[in-house]
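This structure is in structure tokens; I'll ask about it shortly.
A, B, C and D are the chain letters, set down in written order, and residue numbers restart from 1 in every chain.
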Amino acid sequence: MKPSPQRPYHGIIPPLVTPLSGSDQLDEPGLKKLIDHLCDGGVHGLFILGTTGEAPSLSHPLRRKMIEHSCKFTEGRLPILVGITDTSFIESVELAHHAAKCGADAVVVAPPYYLPPGQPELLEYLNDLIAELPLPCMLYNMPPLTKVQIGSRVVEQLLDNQGIVGLKDSSGDMSYFHHIENIAHQAGKWSVLMGSELLMMDSVLSGSDGGVTGGANLFPRFFSAAWSAADKGDLETVHRMQKTMIHLQQLYSIGQHASAGIKGIKCALETLGICSARIAEPFRAFNKPEKQAVAALLDTLHQDPLLAADFAALASS
Amino acid sequence: MKPSPQRPYHGIIPPLVTPLSGSDQLDEPGLKKLIDHLCDGGVHGLFILGTTGEAPSLSHPLRRKMIEHSCKFTEGRLPILVGITDTSFIESVELAHHAAKCGADAVVVAPPYYLPPGQPELLEYLNDLIAELPLPCMLYNMPPLTKVQIGSRVVEQLLDNQGIVGLKDSSGDMSYFHHIENIAHQAGKWSVLMGSELLMMDSVLSGSDGGVTGGANLFPRFFSAAWSAADKGDLETVHRMQKTMIHLQQLYSIGQHASAGIKGIKCALETLGICSARIAEPFRAFNKPEKQAVAALLDTLHQDPLLAADFAALASS
Amino acid sequence: MKPSPQRPYHGIIPPLVTPLSGSDQLDEPGLKKLIDHLCDGGVHGLFILGTTGEAPSLSHPLRRKMIEHSCKFTEGRLPILVGITDTSFIESVELAHHAAKCGADAVVVAPPYYLPPGQPELLEYLNDLIAELPLPCMLYNMPPLTKVQIGSRVVEQLLDNQGIVGLKDSSGDMSYFHHIENIAHQAGKWSVLMGSELLMMDSVLSGSDGGVTGGANLFPRFFSAAWSAADKGDLETVHRMQKTMIHLQQLYSIGQHASAGIKGIKCALETLGICSARIAEPFRAFNKPEKQAVAALLDTLHQDPLLAADFAALASS
Amino acid sequence: MKPSPQRPYHGIIPPLVTPLSGSDQLDEPGLKKLIDHLCDGGVHGLFILGTTGEAPSLSHPLRRKMIEHSCKFTEGRLPILVGITDTSFIESVELAHHAAKCGADAVVVAPPYYLPPGQPELLEYLNDLIAELPLPCMLYNMPPLTKVQIGSRVVEQLLDNQGIVGLKDSSGDMSYFHHIENIAHQAGKWSVLMGSELLMMDSVLSGSDGGVTGGANLFPRFFSAAWSAADKGDLETVHRMQKTMIHLQQLYSIGQHASAGIKGIKCALETLGICSARIAEPFRAFNKPEKQAVAALLDTLHQDPLLAADFAALASS
């Protein structure tokens, strides 16, 4: 599956963590290292300021800084998608303009996440918002956190909105995903991306464009190869890689609570020498026993031949 | 029940709507009229920038403006509590400092509402945040929107935090409320306020300090009298007023979806000549049939003798 | 509030546990002792085969046996309400006929609890079922377990069904309760009973008929007195009794999981010498540490003067 | 993938509807026709008395009758799996013994579905129950209806229970499914079957054994071919068949509420001349407009070449 003007995004587009060096402080060297690590690792785009990027926890000045530095450090090597999801319409629009000014390629929008809009309200909101955006927009379905699904009727009514280039689904509901994929691709439109890591290869086998997978912050070569195997329909490789993928998921259950995934990835990134493990309030980085569990898991993963290329690159960087 | 240094807030503290005259524009004359209406109506405090105040939908500059003008228009007639709930710690702290500078009396904090913190994370967050606040803090339990309850164990562990002056509960879960009330009042501490309108008198009969009731934007005399009847244990009056209260609830189901309550109150405020019905994005004000339903309901309510004082005041203003 | 032909049930109607002596075996002496304990304790009716009675866990022959023996042991001292909730319409009707034959006074019906009916389906179901019943029917709202609320629109449409004598609400949602109470009592109909123990006195203060409170299996005198205080509007006594009520709730959180309440009550009944603590599969009675926690709690409760009459009666029985 | 002693079930195992000719009455000719239709249609087993079989709505005598007649009509052509899920342990065991006596091959068990067991309680329950069963047992994960997931820790602890032959998952949560599949197949055990129709081919591509798909009541040839294409890794065919599968899903949203799927399948079966559309209480069969919508959908499906073999067989029967 090649990207096309109608379906411009494909492959692995990692949702970058936001490296932090202090309260409300960007870890700039860490961010540079992370971006180099991903560009060298063969991913197909960068998605900043998403859930994994802790966007809602960051002050607006810090979000703007993150956009500026990501664009600067990427130097056009990869397309950059910027999360502008916010409960305030005005703030979303302003972030989008800032992203455009900095040279980003697209923005990503989930529904406002405090008072949940009904489906007709959501449709109005998305049409109103997209009309104000200076960049193409990717929809982001994330009902566990926004309390609202971008329903299939709304998706149908948005198909003609020329400002939309795709949809990323993190609902974990593969039946929903198939319905959306079918609606969009029947119309010959939209990149449809899977946000649930363990379902990325299933989704690509079924015809989706790619995945926004948190683990790709750590192992970009592995995730790119996994996408590629699925994209080619190489089932044998897919089966082997899925075992590694399942193994990797242990990283997300070392912590408890909804923050466990972000904490796990950031802790592993620090352990691997990429960037700081610091987490923005209201959360805190892993404590010592949790860090040791992460290190122990990384040791086991190190022995997996499917991750050898990533570990070799990490060692030499 | 008189307020005390340990339980400083009591009575009816309406959660003010934020009157808007345009996109990202405060309806200043409307706000002034609303505040006069409430101060004259005998309520016991003003809570701005809560859920009814659409705080998450407003830009940060508009939130700051709302704080400034509310303090200015109130002229010290009533204590002002300012919602500073935000997914970003930094933004919450900055709003609190702005509120202090403008002369507000306290701030109100619900848990960050994107990625839900676990209970130990919530405890850390609240202690960390309150340490940074220049004003006393009222906790705000709102699990339908934040996805997280401020659990009774967390409440117990917060009792010794001198920065906290109370808790407002909008869970709708009266058993939870009784547990919290019991924990706080056994310790001789905290104003405990009910955020569910229909449960306000129940809660006051059972010993709570008062209520944060959206309908008091419209009928401050009625709500203050209802609180007073419950506070005195005048059950006969309570029963009569509860019938009116139930009647009033129809205002909140003219619209559909979670926004119905705010839309209903703002539409009624416009119909009664107080301020604009405009709603911040992502929502829109009622359409014509909905407006007519509000007007029809207000006509029926006009005939209720228990609301006569409020309607008379509205007519003469 | 006196019972009337239109509102025939009032006061405390304990949801009896089903005492068991072995797998699928009724503890007959235990049941007799429990019924005597309750009849002597001044409650106003007996509700068997509800949630606390573990009805869904019991075989149909055992449910029939429980009905027979309860009617026999009660000897007409109190009205008996029999839970006939079942996912099978046919089985519900047969249980109702058995209850009528044994001399029970009414049946209690919650919605079928596997595939949840929509509201119009629920209305049809209830009308169809009630038409087949030989006894008056009390509705039982229990959404946490049935996954469906008996919505206020359905309640309105059922008001004219002469087979219905009331509604018991265990939703824990006091706003819902007030709406239902208002609908039913405006029509001058139905006993409306509260199923959430901690809300019983609130509900009676607000005009409800009484409560179906699990703790009354243990302390019938206390619960009857609590109802009576609320029914008379004696707020001072209500406040004191509510403190004991909150203390009592600790019994329900010694265990974990949804079965904790039933296990706690049965364990306490065994400790107090009334009947066996045995639980029907899929659950098991408390283990030793949990039993010790129950005994320790009972020791503390023993010192509460408001429970003195109950403990004295238990000691002399 | 061939079945093995360790993974004995594979392919398409339709969850049969229970044809009814009246209240509590089995439509015996309809059942015979349905079974012949499925045996001729190339499916790999029959699962009776599941959710689609409306088991919880049927009286126990009718459930026993359904087992007897299904075994009789099948005449050993296919293995028969019998749902014995019940809130009563005793009733489940008795159904299992009846199934064994009638010649069924295995039983299927979901957790008791009234009071939801905690995970340790569920583990105890399953071990206790399986010890009493005369037939091999397939676990059935159905959290939307039972309110409890058979968690991966419980699955791990059940792997050594020799009474278990597999797990059917209807959670719709494909990440869960992959975890369970991985646990079971690492151990070289259990048939793992997908219960969500639209995910059947994904699951088989990823290594699962097959599917329990309601639509196979109607189109056994199509579903068997779809399974076979996925089992062989023929992605091109899978893609074409998935489009038909998505089209078919429209049948399940003609009705509203959770009963829509069963009503849709039964209505289509009647329209196609197989068996009665009657539904057990508390539900009712489709009304006229809904029937017309089913007929219209069948007309469209009739034009799909992938369903031609099924329609031809139906025409000639």
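By our rule, contacts are C-beta pairs under 8 Å (C-beta built on N, C-alpha and C of every residue); 3 or more make two chains touch, one makes a residue touch a chain.
Here the structure is a predicted model, which means the values were calculated and not measured.
Chains that count as touching both chain C and chain D, per the definition above, do not exist in this structure.
Overlaying the C-alpha trace of chain B on that of chain D calls for a turn of 180°, given as a multiple of 5.
The chain with its C-alpha centre at the largest distance from the centre of chain C is A.
Centre-to-centre separation of chain A and chain C, using mean CA positions: 50 Å.
Separation between the centroids of chain A and chain B, computed from CA atoms only, is 37 Å. Taken in their complex, chain C has these residues touching chain B: 172-175, 178-179, 182, 196, 198-199, 201-202, 205-207, 233, 235, 238-239, 242-243, 246, 249. Within the complex formed with chain C, the chain D residues making contact are 23-24, 51, 54, 56-60, 62, 87-91, 94, 111-118, 121-122, 124-125, 128-129, 145, 147, 256-259, 262, 280-284.
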